[in-house]
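To keep things clear, I will list the structure first and then write my remarks on it.
Order as written gives the chain letters A, B and C; numbering starts at 1 within each chain.
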Amino acid sequence: MRQMDRVRQQAWGHEVEPNPPAIAIANLHFSYPDCTDAIQNINLTVQPGERLGIVGANGCGKTTFFLLLCGVLTPTLGEVRILGNPVQPGSFQTQVGLVFQNPDDQLFSTSVWEDVAFAPQHMGLAAEDVEQRVVTALALTNIQNLALRPPHHLSGGQKKRVAIAGVLAMNPEILLLDEPTAQLDPHSRRQLIRLLDALPQTQLIATHDLDLALDLCDRILLFSEGRIICDGETYTVLGNAELLEQYSLESPLSYSRPYCQLDHAPQKP
Amino acid sequence: MHVPDGILPAPLSLAGYGLTGLTAWFCLRVINRSSDPTQGIPKAALLTAAFFSASLIHIPIPPASVHFVLNGLLGVVLGYYAFLAIMVGLFLQAVMFGHGGLTTLGINALIMGIPALIAYFAFHLRDRRPKTSNHRLITGLLAFLAGAIGIGLAMVLFYGLILFNLPSDLNAEAERAALATLALAHLPLIGIEGVFTAIVVLFLERVKPELLRNPWFKAVP
Amino acid sequence: MTLGLESYVKRDSWLHGWEPKCKLIGLMSLIFAFAFVQDLWLLVPMILVTIALYKLSKLPLSFLLQRLRYPSFFLLGIVVLLPFFSGKTIIWQWGWLAIYREGCEAVLLIAGRFCAVVTITLILTGTTPFLTLLQTLRSLGLSPILTDMTLLTYRYLHDIAVNFATMRTAMRLRGGDRRDQPWFHWQLLPQFAILTGTLLIRSYEQSERVYQAMRLRGYGLPKQGASPEPAHGRGSLIALGVSLVVAASFVLAGHGG
């Protein structure tokens, strides 16, 4: 048994399968109180270290899916396991970190430092450990110079990095990112892609930015009306223009408009 | 409608703090009885910020312009949190803008907060009746009443406190007459805020009725 | 909306370094003691103490003047008639218009108390970071519900105000909220009402997401292993003692006089 598995078994008091998948979902269903079926019959396994892109039209259930993985919502049916352990809805899970689409929704402290320290403080860590976590998270996201700034004074890209830092301070093993490049300018977007590429955590990235998925993800899930329509290698799924069009998506720009084919493209030196 | 520092005698300011403390304790007791007291905190806080912004709207009534008070609407939407929201708002106003004051925070909280709570109870009288075809009319009327009570009662308390505590040689009758004159002069404002509250509440009822549903209403102490 | 609360909290004065709990108790005692002043002769020592503290704080005078301006107008509106209606001893008269000594004294007292109290308040808030102030209030027993509400309101005030301003601009660009309409056009009120309603709904929906984000990072669970309170320095305690003595002196002098 790997050392991490032994540690988990000691922490959670029951036997955990050796080398559990990062995420294991069986027969997951979820309906809203008005009986709208938001998630239908999802079965999924994600291995540690994998990077999954989740694509689909607006309203297909990506955000709801993430909220189920975190335990914010309670499934109507089925089970979600994170690292071998069933998710307890409502509990504080430090193994999974969710980065919201709008960073303003998760930057709720009066300074960046306070915001990043929020989760470690609520984990019951000693002051020195909290400080260490904050310093590390700020360094990973390269925002040390923003530590004392109030969140509402930051640009969109800076807010996004602070939001990620706040989640990284929990030392999660799994990152869920909901539309991470929404409202980012090209430079901030590129910086974010480099940051995510450098992080070792298992990542599930819900995105409309298919070029980001091409850059970062090993595997793509195509969602529609709460179901997984397709689960496959990135190049296979995103290379299938017909499939994408059928579900109100378009091919990544990198595929659909090869740069060299544009008449007005400047010639490379 | 904030009493600034320096006007009221200190014992009255202290009594204000005492009564505010008691009222806040009472509201917190009800809130802490709900299944998840922390759930209401972000809602109350962001709505407080929203009311703060909205109260900066001014209606031009020459020669001046008037800001909405909105404590009646605050009571309708926030229920028992309304008193706490008013305390928070007053604290931030005193600290950020010097509007009102720290010594008079207790008094000001009572002036605005008690009418807000009364407005809340008045509006939710509608829950004691079964829903009928004129539910919308009842909602509008009770919202108007809540808005009018909120500002009307606050005005009476404010001017009453000022008039009866400023050193003057006016006799009691003259002070009462002055208070009545001021109240009458503000009747149009009371009417405007009542109408405003009614329109907002009917809008919320149509678009987001859960904002008006109060989970703490049933937690009778 | 600029908050401007923390423009000078990083300065290096003795008051900035005063331990927050001692500072809060000491300055609030002074504030309430000044509210007890009823005699004119106490105005002078009150103002002197206030000036001395302000000088100690090294806060700029422009900061004080800027903060006094708006509330001063408000106060003036309340007390401006006092010299004409309050008192028995006439010091000046022109026909039926008379100015009374007691009314003037009342205005002086009110204005003096007001300036002193507002200045001490400014010293407290201008030398203490807002978060520290709230943490100190919590350590003194203020309900965590109130402190959390205050923090979140403060945090989102700017964003929501900006949102609101944007919505008003959008409405104006489509013909609403027009300045060229008569002073009370019948459409103004419903337009403001809809704006307000929309703002409330947006804030409410955002608050649900904020709450989810807070829960996902442990909010609502008891914080274990809270940091122990730092020991109070001797200087801070001495200063607290001095403040309490000064405050008590003002209260006793006011009662004895």
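Structure notes:
The rule we apply is simple: a residue touches a chain if its C-beta (ideal position, glycine included) is under 8 Å from a C-beta of that chain, and two chains touch if they have at least 3 such contacts.
Predicted model only: the values in this text are computed from it and were never measured.
Of the two interfaces, B-C and A-C, the higher number of touching C-beta pairs belongs to B-C. Chain centre most remote from that of chain C: A (centre = mean of CA atoms).
Centroids of chain A and chain C (each the mean of its C-alpha atoms) stand 42 Å apart. In terms of their C-alpha centroids, the spacing between chain B and chain C amounts to 19 Å.
The residues of chain A that reach two or more other chains are 108, listed in rising order. Touching two or more other chains at once are residues 42 of chain B.
Of all residues in chain C, those touching 2 or more other chains are 130, 151-152, 154, 156, 206, 210, 214, 219, listed in ascending order. Residues 67, 70, 72, 90, 92-94, 97-98, 100, 102, 104-111, 114, 118-119, 121-127, 150-152, 166-167, 170 of chain A are the ones that touch chain C when the two sit in their complex. On the side of chain C, the complex with chain A involves touching residues 130-131, 151-152, 154-156, 158-159, 206, 209-210, 212-219, 221, 223-225, 227.
Put simply, chain C touches chain B in their complex at residues 1, 3-5, 28, 31-32, 35-36, 38, 67-68, 70-71, 74-75, 78-79, 82, 85-88, 102-103, 106, 110-118, 121-122, 125, 130, 133, 143, 145-146, 148-154, 156-157, 160-161, 163-164, 183-184, 188-190, 192-197, 199-204, 206-208, 210-211, 214, 219-220. The residues of chain B lying in touch with chain C in their complex are 2, 4-10, 13-14, 24, 28, 31-32, 36-39, 41-54, 56-57, 59-62, 70, 73, 77, 81, 84-85, 87-89, 91-92, 94-99, 101-103, 162, 166-170, 192, 195-196, 199-200, 203-204, 207-208, 211.
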